Structure formats: structure tokens, C-alpha cells
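Chain IDs A, B, C and D follow the sequence of writing; residue 1 opens each chain.
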Amino acid sequence: MKDIKLKHQNGKPLEIKIKGQKIGRGHYTMIAGPCTIENHEDLLAIAVELKKMGIHFFRGGAYKMRTSPYNFQGLGKKGLEFMKRVADETGMISVSEVVSTEDVEMIKEYVDILQVGTRNMSNYRLLLRLGKVNNPIILKRGFSSTIEEWLLAAEHIIEAGNSKVILCERGIRTYETYTRYTLDISAIPAIKELSNLPIIVDPSHSSGRREMIKSLSWAAIAAGADGLLIETHFSPDKTVCDSKQTIDLEMLKDIIEGNKKLLNLWD
Amino acid sequence: MKDIKLKHQNGKPLEIKIKGQKIGRGHYTMIAGPCTIENHEDLLAIAVELKKMGIHFFRGGAYKMRTSPYNFQGLGKKGLEFMKRVADETGMISVSEVVSTEDVEMIKEYVDILQVGTRNMSNYRLLLRLGKVNNPIILKRGFSSTIEEWLLAAEHIIEAGNSKVILCERGIRTYETYTRYTLDISAIPAIKELSNLPIIVDPSHSSGRREMIKSLSWAAIAAGADGLLIETHFSPDKTVCDSKQTIDLEMLKDIIEGNKKLLNLWD
Amino acid sequence: MKDIKLKHQNGKPLEIKIKGQKIGRGHYTMIAGPCTIENHEDLLAIAVELKKMGIHFFRGGAYKMRTSPYNFQGLGKKGLEFMKRVADETGMISVSEVVSTEDVEMIKEYVDILQVGTRNMSNYRLLLRLGKVNNPIILKRGFSSTIEEWLLAAEHIIEAGNSKVILCERGIRTYETYTRYTLDISAIPAIKELSNLPIIVDPSHSSGRREMIKSLSWAAIAAGADGLLIETHFSPDKTVCDSKQTIDLEMLKDIIEGNKKLLNLWD
Amino acid sequence: MKDIKLKHQNGKPLEIKIKGQKIGRGHYTMIAGPCTIENHEDLLAIAVELKKMGIHFFRGGAYKMRTSPYNFQGLGKKGLEFMKRVADETGMISVSEVVSTEDVEMIKEYVDILQVGTRNMSNYRLLLRLGKVNNPIILKRGFSSTIEEWLLAAEHIIEAGNSKVILCERGIRTYETYTRYTLDISAIPAIKELSNLPIIVDPSHSSGRREMIKSLSWAAIAAGADGLLIETHFSPDKTVCDSKQTIDLEMLKDIIEGNKKLLNLWD
């Protein structure tokens, strides 16, 4: 950061508009949905329930980054078609991950907001390509990236032409093994100090523990985060992946109730 | 934790009573004061201001653990005398660190609550000695200790005879250098799941950055912490040590105002 | 690793043959050359010097992964052309990094051994593509990847069809800041226990300090590594990038002299 | 380090003389023995075998730092008496850990070299006390201490009056779980650059894996270490603690054989 002047370091906080919704300071964007898209029926059922709670954004994974080549890799394009169909049916805004440069052109037609996963934060060729699309980009922090490297990764996208970047803190790798990753709550005030980009938090991947999601979600909003990205399913124990960190719809309602008490903290 | 049954793992949350105050779930203990005791006059002035805000606990360091032998090591016993005098003059409850087994007998006469610093969490001989006193003990987490090691350190004190242990999360060491340490916010729900001991948070040492204290304090309370330990001074820039992370009385008032909105989140 | 049976976990150590050279247990492959290819003349001059020392492999970067979008990104295809020309002129074996799936088909025609950089170890789509080529692959460890994740990344390439994978330890990210990364010397015996793939060590990126390269190189060979990958230039202080960790030809000669004393340690 | 001038930063390498032996550059001090002293008979049997191999230093733990209060804490003073007896019977030099300030005066009469364990590296009161004795001190690196903090800890002892400090790298805590700790091999060249104190390596605690000790021992000597501290027992599987990382006498012989090939690397 020392000598470099980042394009997103100054000026008033960025407000991103999409399908009538706003993302940025004071808008508390809530994004929920399953880890992986399994079929159209379940995805629609979840989206409908989310909409009833007043949620405008739903997520689902079509292309998965799996540590082992022998694990389920996602439905691929079929999953994207379900995303688009559910977005059309509900009027909601869809979020899904792009894992390779060669998919960008295709995915941008199916999904509203493109997500860069933690393992791709430093995939600069992918970032460059995402600088050429119009979709907002959720840029997850690399699980061992510094705040400086994360801000510079955002700069790769912005410098290439797309200023609609949303940063997402999702936990960093430390020596502690009780949680899957360690949610770096300090990243929230740091980003608000150093950048005008919106900063949201993913409590699901950071903890890997369902019973912590409420606590971490409220902590994030109280710390000043602009939104949350939470893995949610009507039947978490039956999901194909990430069951242990996926919450049910009841807990999501609880979190939203609590959030209401927190929204005017920073006014 | 696997096979071991800890004395503090079960039963209802522990409530510690001291001089008419209670520490534990739902009591939101606020502890504030300077990093180091410099003289009687300033310490009294700070304590009086804290009391006006409704704070019952004040802290101050007499024995300091300094990385370099050439840094100021604290006033020692003289500092403890000031602590006791201010506690008597204001009716407040004092908190100060004990750094060596041989000091325990003496310090316990001067200070109400004894604190074990992060570098001494695994000083088992010291923990054993603290198991023999009646004062409540604040046990800071070792800056590279796992949650399991921390709970076992508490067990050393409890097994030796003193069950009045308060756990304090103060940040862990990670690769991130923007903050001095990384506040492990997940430790709060973890401790509430695994132990019946009170858990408080020190946002000052974890961040090392004054401008983050408000954000981290609110995050801690929203996450479910039972209290806060904040380095505070009427003139932070003039303090002998830790100036960068010490907040002034105005910011402390702001934090307390915000906290009020958070207190019924977990009811 | 628990339940998974990796294709490279059993059997005798893999021996990779290329242009008359062998890589694997007992062959002590030495790879040297500049961080970045700057022009044909300098690259050739370095290669010629390396060859005089008995070195058969030279490296050079054409596509660079740079944290900031404002840093030099490499010569690109022009650099690859220089690589091929120098390989043809000297008969040496060339090594260069591939940073994106879409470049694989092209690069494999210019370079003998393709390298996957630390930021791409978990770029599974790239690994899949590299499973379809015939070139040997140097797979650098992700700077925050576990040994298990690294072995599984190798499995992605092998499962996709290319068994010629060479693992390269290049340092992991820790709290220590004196060195750029921390060379995980224990990874050498670990890999030899868990896999039949060759394991080489990059002391340049792990330390970021020229004065440590000799010490770390000898440590790696003594620990049982099958080779070294060292950034070398005839004039390190004048290089475009990574000057601080690049050694000169004299030091490389010293290292090779020392290595000779170590080669029969493990017989 | 920036502004501070350490007493051990300059001048020629320190050579410590004790009972006719020398510790320092070029002396390759080998220290071996059991994790814990169990009885006189076994301790003597091990020491006799070590002596036959040409080893002059034996170690054994009398006071143990145990994470759980329910684990074996060592034989205490009884163990020290066995240490002294075996030292007298064999003429060897004894090494044992001191865990508390109040034990210093007593232990120094029983043991030749006092060791500060990793959990006590920042126990400054203990370091101060050790500055007042004549015994050489082995100062293990804190498992999450930076090289700078370690050098400053040594300065606490030296400034207090005892310049006979031997630094011991024993692994640092990282995210990697395959090994207990990560041996920081780079600490060896770093210490030799920054200090004139002897630097030895403990491969036993750093790996926690018996099958790695040979590899790590040779790596340490090749990197330039001045000695090794290895947990050894004639029957490792029957020891009270640390069985998994303790090697038998045969393996120790192998290591010593290999070391001979490495001793003139740095001449």
C-alpha cells in the first residue's frame, strides 16, 4: 500500500445498484442459499422461502473447487441453468462462483453476481477477465492473503475496467483447528479505513460450524460489515456438501431478527 | 478435550461476585484503565471518570512483560500501592497483572482481580499458585494457544483450588501484519459451548490500533462476550506505553452507548 | 489422506526421463536461471555458464503472477520464444511457469517442463488441463497448503492422465517476518514417506534472502531432497525482479561443490 | 532489532567451555537422552551408551510443563538427584529444564546446563534470575516467537550478567498439522548472521515424528547448526512421554555417522 495509490482508496463509499437493489454502506445485503445446486426443485423452494423473509439475493454453487479429484465437482452448466430459471421465477438476484477464465463469457449470461472463491483470489488472469464484464464481482479474500494483497487483487479487476467489486471476508488459515478457518473480524474496520468498496462477511466457511453462525453474523454486522453471505438450506443435514456449516431457515430468521437491533449502531 | 473431563465444562454458567458486582453471562463487565500506572494522581483521575460512566472495574499495570530488557518495566510495588489507594478512594474494583509466582502472595493483598498475561498462560507453576488464592483470576489466552490449551490452563487453576476464573480473548498471532494480533472472535461462541466460565475480550492488544477498538468491542458483545477489557487514558498520546492502542474517554463513552443496543441480543 | 488411496502413494520412486536426463531419487536435479526472462542475450549467457558447471536445466519466467497490477508482468510469448531458442542453442532442458488454462496448449510447444506456481496449486481447472499434456510438471506447494492438499493437487494432474509430476517445496506463510516465507524442511521426509513423486526445493522464494541460499540448499539436500530450483543471474543486483533473493554464478558453484559431499548421505 | 544494539550481536562467535568440552562454531555439540527421567538405572544405562558413541552431553527432564494438570509432571527433585549421580558416575555433562524462578538456586547445584523451555522463553523474571548463575543456559525459541523476540530474550539473560547462552531452534507453530511444529531451518543462517551465540537444533519436538529425526538432524548440521539436542532412549516405545518422537540408540548412531560427512561443509 505504501507507495501505491489504489483506485478504490478514496472518495465516498461505492454503492452498487442491481435489479432495484443497492449494495454498500448502510444497505446490509443478505445473501443466502445452498452450498451446491442439487436440482431445480430444491433451489426454487429455498429461494421462495428466502424471499418471504425479505431477502433479495440467493447463492448456489455450480462449479466447485474440491481438494480431492474424487469429490463431487458440481452440476456445471446444468446448475447455472437452474440458477437463471429460479432468478427469473422469483425476481431475485443470483450469485455463483466462476472458477476459470474460460467460463467467464458463459457464466455472465446466467448469473447476476459473479463470485471469485478464496483459492482464486490471486488468479490474476481470471481477475483481468472479470474486469471486462458488467456484473458485480464478489471477491473473497484468499485464506492466507494479507489485507494488502486482497486490496491489490481488487485493483486488478478495477484497473481492467470493472469497478463493481464487493469484498468478502471468509476466514484465514491459522494454527487454531477448532474452527476450519479463523474469521478475521478486524478486516472489517481495516477495509472501511483503506477502501471505498463494500465489505461483506461469510461466517459459514470461516467457522465450518453451524452453531457459531448466529454469533459470527451478529459480530460482523456490529463490527460494521455491509452484508452477509450465509450457506442456508431447508434441510442442512441432507445437503451434498458443507452440511456441518449450513444453517436451516429458522436460524436464518433468528439472525435477521437480531440484525435489526444492530442496524443503527453506526449511524 | 477428547478424553478429559474438565471441571468447568458442565453445569450452569459461573457467576463471580466481588464487592457487590457480578461477572458472568448477562452482566457485561466493563474494565478500563491505563496500560501502565504512571502515578497516583493520573490513575485516580482516570478512575473517577470511569466511575462517572457507570464503570466499576479499573485496570493498570505495575509489572510489565517487556520484550526488550531496555524498555520500561513498570513501577512495581509502588504501582500496586497506587492501585490499592485508588480502589479505596473510589470503591472500585482493581485489576492488575501478576508476572511471577514469587509475587502472588504480595499482590493479592493490593489488587482485587489478578490477571495472567498472554506470555504466562502456560506458566503452570504460576497457575498452580493462583489456585491457592481467593481473588478472581483473569486468564488471558496465550497468543498462540489453541482453545483446548487455554481451557486446560484454566483447569490448572481450578484443579488447584480456585474456581473463579475469567477467560480473556486478546488476539492470536497469524501471518497478517496490518493488526498486531488477529482477534479470534470465534473463540467467544467456542468458549460458551465448551465451558461455563465467563469470557471477556481485550480489543486493545488484539488490534494494536485505536481506530478499531469501537468496531471490535461491539463485535465482541454482539458475538456474546460477557465483558470487555479496554486500555483507556484521558490523554492516550501522552502515555508511556501502548499509546497507539489506547483510547480516550470520549470513545469509551461511544462504545458504552453502542453496547446498550446490543445487550438484549442474546436474551 | 485418511480414506483416499492416491495413485502416487505406492510403488517404487518415480523416475522421469527427459532429453537424456533423469529426475527422481538419487539424481539431484539442479535447475537454475533468472526470475524473469529479460532478453535473449542475457538468457543465453546465463544458460551457457550453467552448462559449464554441469547443469542441464535452466529456468526463466515469461508470465509473472504479480500482486500489484502496476508491476512488470513478464515478456509473455516473446519470452517463451527466447526460452525455446536458448534450449535449442544449448541442448539444455527448459522450465517455465504456466499461469492460465488457456495458455497450456501454446506453452507446451515452447518449454520442456511446465511449472505450476504457488498461487495456482489449487487452480484445479489448470491441473486438469496439465493432466492432458506430455511435459513433466513441477507443482509448487501452495504457500498455505497442507502437505495433504498438495498431494491431492498432484493427484488431480495424475488422475487426469499425466503421471510426470515433480513436487517443489518453496516455503509456507507463517507469523515470522524475517524471511519472506518459512521453508518447511520437514516436507521433504514427509513427501518421501507419503508419495513416490520426486521432491525438489526452491530456497530462493522461501527465504527471499540471498545470504541464506547456500545454507538452505545444503539443508534440503541433506534432508533428502531430489533437487534444487535456484534463482541465479550473472548480475543479481541488476535484475528486474526478485534481486534480493537471486544469487550469482560464484555462489552457485559453491553450492554445487558442497552438494557433492552430501550426495552419498542417504545411500 | 532496528534501533537496539544487542550485546551478542558483534564480535567473534562465542565459545563456551564446560568440563573440558567446548560449545560453539565448529564444535558440533551432541546432546541426547530421554524426555523424562524415570529412574536412576535407566538414566545411567542410556548415558553409558551415549558415552560409548563419543557423546559428552546427556539430557533428562525432571520438571515437565504439561498442558493438562492430569498428566505426569516429572519426578522433580528426585529426578535431579539421579541427574547429578549419573553425571558423577560417567563424567558427562548434564542438561535439564528449569521451569520456575524459585527453583533456580536449587537446580543449578544439580545440573550443569540449565534449559529454558519454549513456554518460558518470554518468562522474563526467570531469564533475569538465570542471568545471575554461572551455568550455561540453553534458551529454546518460543514456539510462536519471532527471531527478534528470541534474540531479545537472550539479551535479558546476558544483560543480567550471564553471557553463556546457547540458542535452540525447536520448531514453530504453523497451520501445518502433519508435524507437531514446523522446524524453522532458516533460523540457523539468521542467527549466525545476527548473533555470536551458538545455535543448536532440537529435531524431536519440532517434528513429533521419530521417522523424520535423521532427515532433520542432517538438514540442521548442513544448514550450519552448532549442535543437536535429540530425545533418545534404548526403548522408545516404553517411555512415559513423547514416545512417538524419541529415537533408539541405533538411529542415533546412524545420525552421528552421517554428521561426519557434513562437518567440513562450512570450512
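By our rule, a residue touches a chain if its C-beta (ideal position, glycine included) is under 8 Å from a C-beta of that chain, and two chains touch if they have at least 3 such contacts.
Since the structure is predicted, the reported quantities are computational estimates derived from the model, not experimental observations.
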item: Chain of greatest Cα-centre distance to chain D; value: A
item: Between chain A and its twin chain B, rotation from the CA superposition, multiple of 5 degrees; value: 180
item: Rounded Å distance, chain B centre to chain D centre (Cα mean); value: 34
item: Residues of chain C touching at least two other chains; value: 144, 173-175, 177
item: Chain B contact footprint on chain D (complex, rising order); value: 4, 65-70, 99-102, 119-120, 122-126, 143-144, 149, 152, 155-156, 159-160, 173
item: In the complex with chain D, residue positions of chain C that touch it; value: 144, 146-148, 172, 174-179, 182-186, 188-190, 193, 206-207, 211-212, 215-216, 218-224, 258, 261-262, 264-265
item: List of chain A residues in touch with chain D within their complex; value: 144, 173-175, 177
